[in-house]
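Before I ask anything, here is the structure I am working with.
In this document, chain identifiers A, B, C and D correspond to the written order of the chains, with residue numbering beginning at 1 in each.
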Amino acid sequence: MVLAFLVLAVVGPLINGHGPNEYVGPPAQRPSAAWWFGTTMFGQDVFAQFVHGLRSTFLVGLLGGALAAVIGMVIGFTAGYRGGAVDEGLNMVTNVVLVIPTLAVLLIIATYLKVRGVVPEAIFIGLFSWPWVARAIRAQTFSLASRDFVDLARLSGAGGARIVVTEIAPNMSSYLFMTFILLFGGSVLTAATLDFIGLGPTDGMSLGLMMNNAVLWSALPLGMWWWFVPPGLGITMIVGALYIMNVGLDEVFNPKLREL
Amino acid sequence: MRRHFGRKLLIYAVTFFVAVTVDWVIPRFMPGDPVQTMLARASLRPEANQAMQAYYTSVFGLDVPIWEQYLNFWGALLRGDLGVSIWLFPQPVTSVLLRAVPYTIALLGPAILLSWWAGNKFGAYAARRKWLDNTVLPVGYVLTATPYMWLGILLAWALATVAGIFPIAGGYSFDVEPSWSWGFLGNLAQHWFLPFASLFLVGFGGWAIGMRNLIIYELEADYAHYLAALGAPRRLVRRYAFRNALLPQLTGLALQLGVLVAGALVTEIVFSYPGLGYLILQAINNQDFFLIQGAFLFIIIGVLLANFLVDVVYVLVDPRTRVGMRGGA
Amino acid sequence: MSLKVDNLKVWYRTLRGDVRALDGVTFGVADGELVGLVGESGCGKSTLGKSLIRLDGRMRHVDGTVELDGKELPIGDDAAMNRFRFKEVSIIPQYAMSAMNPTRRIGKLAAELLESRGVRPAGVREELLRRLELVGLAPEVLDRYPIELSGGMRQRMVMVLSTLLNPSLLIADEVTSALDVSTQKAVAETLVDFRDRDYVKSTIFITHDLSLVYQIADSVVVMYAGRLAEKAPTDALVASPRHPYTRMLLAALPEVGVRYGARRLAGIPGSPPSLLDPPKGCRFRDRCPLAFDRCATQPPLTEVAPDHHVACWKAS
Amino acid sequence: MRDKLRLLIAVAVVCLLVAACTGGGNDAGSGSGQQAQPAGGAPAGPASYPRNETLYISGTQWGPPNNWNPIMDWQYATGTEGLVYENLFIYDPMKGQYKPWLASKGGWTSKNVYELTLRDGLTWSDGKPLTSADVVFTFELGKFASVPYHNLWDWLDKAEAVDGRTVRFTFSEPLYQQWGNHLYNRAIVPKHLWEGRSEKDVATGANEKPVGSGPYLYQTHSQDRMVWVKNDKWWGKTALGLDPEPKYIVDIVNSNNNAALGLVLQGGIDLSNNFLPGIATLVKGGYQVQTYFPDPPYMLSANTAWLVLNTTKKPMADPAFRKALADSIDVDKIVNGVYGQIVQAASPTGLLPAWDKFVDKSVVNQLGFSYDPAKARSLLAQAGYKDTNGDKFVEGPNGAKIELNLIVPNGWTDWMESIRVVGESAKAVGIKVNTEFPEFQALVDARNKGDFDMLINNEKQLSNSPWEYYDYMFRLPVQESQSTANFGRYENKKAWSLVQQLDKTPTDDEAAMRKVTSQLQRIQLSELPVIPLWYNGAWAQANNTVWTGWPSAKDGDSHLMPVTWRNYWELGSILMLADLKPAATK
């Protein structure tokens, strides 16, 4: 499912030549052979917008998710492995960022950015969605750090960083991967929210932006469902698929869930 | 345990301080100045404009050194004064916000608690029926994956635009005046329902899944096996499992608050429901920092309080924290 | 004979097929007898313990019968089994430390458990307190949460709880493995004590620690790869083990006082066969120094001396 | 804890039930009733306004009503001026004439003395009489530096009450056009209530519970609405013979287009002055909705959207380049594609249709421009703009690369779409124009500092005189912050002196005015400091379900502007209220 969309996002823009904002057809057309998803108020091809939207959606997901994962891991590992004062300090930071409502911050930042693109958006999202990861990883690291194979490594005189990379991280790789998936989904949703509020990329196209436009140009009373249904559906499909995929992995990784 | 709360309070204090400072700093770093924006809307004669510019700059206290502005900000804040709105000049930000907050709370409160409650119940219930489990799982995941606004739009379209059962927008009909009559309350409830529903559904899915998975973990716990081995009926075992699974769910609630607030904001926007979210959007569109700042503060404070509440409840329900073990959010 | 196990077969369902954890086990336990059940890990001793009280999700009762005080235990039928659990058969689980719900006060937990089995808590409270005292626990523990008790205290608590209704059979599954030597001794003695006071009629004491068995058990059952290797009165078994496996087990025991330099510890070379599709005949064959062609067929469990049963061609 | 939850769910369930019931009930009744119910609305509660006596309008109020101070004329709740506080005259741009309102007559008794007479029997809504003292007081408030019309006193010498109904204004330097503007823009406030107020109060006070002289009174307001109730003791009933029909006017604060359009279609809003995309298709769609014109452009024009060029930067400093750019823009594509024909393309002068009589056709024919890519290309070539580096885009005569940014505020969707068109058509003739959407704040900043290439602006609304229009275009001197006019920083002494001359021309001497405007147009069209693109509509969608008698182009209908925006009540739409009839009585 996800892959299908991914492919679509990559090749989509190629198979239909025109950009997402070009006026290619008659305005407000229902979906048809010519316009698979119909056209907008101004005769832009909804399908074209959709595929471009998918692109930025994946971009945000990957970038935001990755960034958050990295920060979370770095902080989580150091806190969990070093413990002591370092841990206390990082813990404090984590809690602070954790409690601050992300969207509110993003809103404010976004408002003050002069011109916004997809990439900075993703980065900001990443910068604020790492705390729970840090927390989880810290906990895991704690339990692992006391295992004997880690002691062994320590005895063999390996440095902290090396131990984390070579001994600890591999032992939670499955966990890390699942975390990343969750973060991916999270970033996508957050981005969609921002875009919808109208704080999305000021250039280019995204699924959230499509919904935003649809609402702004009163697609509802005009009954232009083909304008606001696809983008939302796209997001739901992608994120939902990811989550379910996560369950799959989860069941592979711990047999307990397999029973019953 | 005292230590436990000590740390928490400290964290909250720091958070609050940081948040407020960020909140104060950002507007100062952004292009243009508020007064100009405000006057830009009044197409004045240039000579008048100069005078007004100076005048309003002083009205908003932007004519003193930056550090002094910061101190004043705190001073005012402690007096519960968040300054004057630019967009709604000369209304004080506080009163503007106070008018919006009840709507948001009325939306968020029930949505959060109900979805949490129902979600948990349902998740626990689903966990014991195979077929139900198989249906609930995907549905739940899809629900959590749904962007709030999209669900909102769909509901608005289906139930309001097409079916016409519910109003599309607003806090209450335009032809009534507020009063404590059933008619009015009904009217309120009717406008409240759709936004509430879209918040509720998304939340519900998430909690149901969370609970379902936790229960399954709990049922594999040693105590569950022991009880079973001693022939205790499934009822008892499940009761324990459910109760124990509630704890992590509670932590989850605390972690989720931020997201939930976000959800409320967009939902309000979809239904132009006169709460904080809708206000914030307008404040943003009108570049009214004082209002944005204020709203942000309200949210921060709200989330902090809620978090603290969760902490307290957690300590009350989980003996382990009470025994002084570290635990809870 | 309070417990009669006849040709019991309990298999594990796995993705890769059936694991024959118990493959035709036959033995009996007399009233008041305290049987030690020993064997390498994975030989099926815990499975045996479990199947006597509750099969977990993946276990399947394939064949054979279990009879307790003349009544057959419907071990394959989870619901029907409930009648016997706690009252007739009870268990002290391996994980006794964590066997109690962490979020319930112990007293409340006990009360709720008893009620759910139709026993009025008030009725047995006296007895409960007495037994707590016996194991050296103050009545206050009932108002505590498990987390507030030390590991040892928790374990004793569970022992009291499990035996509160005077079951006729008690299964003590690896109860000592997690403890230090001195506590091990105490726990073991408590088991004997319970038996002497008739809190329980007979006890099956599952462990891999032969020396402990030697100290407390009346008789010993040695299991290997899902089958019975040898069952005999403790002294007989230690004095004259007949089954090569038993011998090697005993040989593997360090004798206190003997310097290892003088006599190398003889571990048992090789490892038990996979129970997915176990080899025909005697399962110890591959590791057995005495193995010969006859071993290709499964040796029957034969009584070589009073109450001394062995499953080995060489033994008889 | 779980008990708490129990309680909560109980409460919530009740809420849901109520919701469901009312919902269901409404559904049942909605078959026919729906249309007449606002907000797809609930059965009206007890304290509700009878539908057939209430006028629902929208599109004027951009935020919760927050002050009723006529002095802050860009902030007050719309209707404060016009419905509550009134002006000496009103100006009907459709006919291009002043209508006496509070004043019965007024005129210049000498070159720099203006004398006006108030009507007899004017009263404030608190019963006190409205006299010349109030008028003098109102104008003298302008002596506060923080009052928007402060600069009036740069050229007004004194205002005095000759008698109870006569006011004499003596000017140090009469600026006739500006004065004409003041005559219908200054809302007269009651001296007896305002006398004591401090400057802060006058300039920035919220003035709750406003007491005015107008046909309506403050009823109530909330986040999303402003409610006015009819003033039965209004002086105009007898003096003007006007009797506004609606007992209540509910002004619905703009939310989103969905809500607005939905309400208009359901008849929840009687008159919407929102910009409602897609309305064109609906006017014909069998709904009860009507616009001023039955077909394109559907709407009257309210202001001109210009492409403002920063003339201090190359290549915009070069008139030839500006003209080439003007020729390259396919305005029709904006009109049809973006606006669905509800706006019309601007004439080369950009003067609104209402000012047509001030357009010198001969000049336009000679110097005017129109969409003509070929011509644009040749103009560029002649002026030495050639593609020297083969990137398909022209470079400057000195070979300098040309890449320009065209900006509009983010979120102003119709403009955002529009400049995409501009960008594309400019690129088509080889001028590289990129589009950007900074936040309004940032844009205003850049605009005032002159730190931009091009932007769209439409800040001058329809008014009594083309003078305002040219003042906006040519105003000098250029300050380091240009906050209200001449954002392009175009400097032309001759043009500016002509503008000032126009200002000093008496409003009734149209011949003289035309002479000046024709010269201004010659300069404008040969220099093109800004490029007029299209006329933004005076958006007005009226629904006939409950009220009829809306202004329209049809003969027999009143030809007023059906617009209730800020400062538009004074432009005649106040008269519209008296023409409305309940649909039932039709």
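Just so we're on the same page, contacts are C-beta pairs under 8 Å (C-beta built on N, C-alpha and C of every residue); 3 or more make two chains touch, one makes a residue touch a chain.
A quick note: this is a predicted structure, and the numbers were derived from the prediction, not measured.
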Each chain counted as touching subunit A and subunit C at once: B
Chains in simultaneous contact with subunit B and subunit D: A
From subunit D, the most remote chain by mean C-alpha position: C
Per-chain Cα centre nearest the global Cα centre, belonging to chain: B
Of B-C and A-B, pair with higher C-beta contact tally: A-B
Whole-Å separation of chain centres (CA-atom averages), subunit A against subunit B: 21
Whole-Å gap separating subunit B and subunit C, where each centre is the average of the chain's CA atoms: 56
Chain centre separation (subunit C, subunit D; CA means) in Å: 92
Whole-Å separation of chain centres (CA-atom averages), subunit A against subunit D: 43
Junction residues of subunit D, two or more chains touched: 256, 258, 262, 411, 439, 442
In subunit A, residues with contacts to at least two other chains: 111-112, 114, 198, 215, 220-221, 259-260
Where subunit C touches two or more other chains, by residue: none
Subunit B - residues contacting subunit D, complex: 30-34, 36-37, 39-49, 51-53, 55, 59, 85, 87-91, 96, 99-100, 110, 113-114, 117-118, 156, 160-161, 163-179, 181-187, 189-193, 269, 272, 274, 278, 282, 285-287, 313, 316-317
Subunit D residues within the subunit B interface of the complex: 1, 5, 8-9, 11-12, 15-16, 18-24, 26-27, 30, 34, 37-49, 51, 54, 56, 62-64, 66-67, 72-75, 145-146, 148-151, 154, 203-206, 220, 222-225, 227, 250, 252, 255-256, 258-259, 262-263, 268, 411, 439-442, 444-446, 448, 459-461, 475, 479, 483-485
In the complex, subunit C residues that touch subunit B: 53-54, 56, 81-87, 90-91, 93, 95, 98-104, 112-113, 116-117, 145, 147-148, 158, 162
Complex contacts: residues of subunit A adjacent to subunit B: 92, 95-96, 98-105, 107-109, 111-112, 114, 132, 185, 189-190, 192-193, 196-199, 208, 211, 214-215, 220-221, 223, 225, 228-229, 231-233, 235-240, 242-244, 247, 250, 256-257, 259-260
Complex contacts: residues of subunit A adjacent to subunit D: 21, 23, 27-28, 41-43, 111-115, 198, 202-203, 213, 215-222
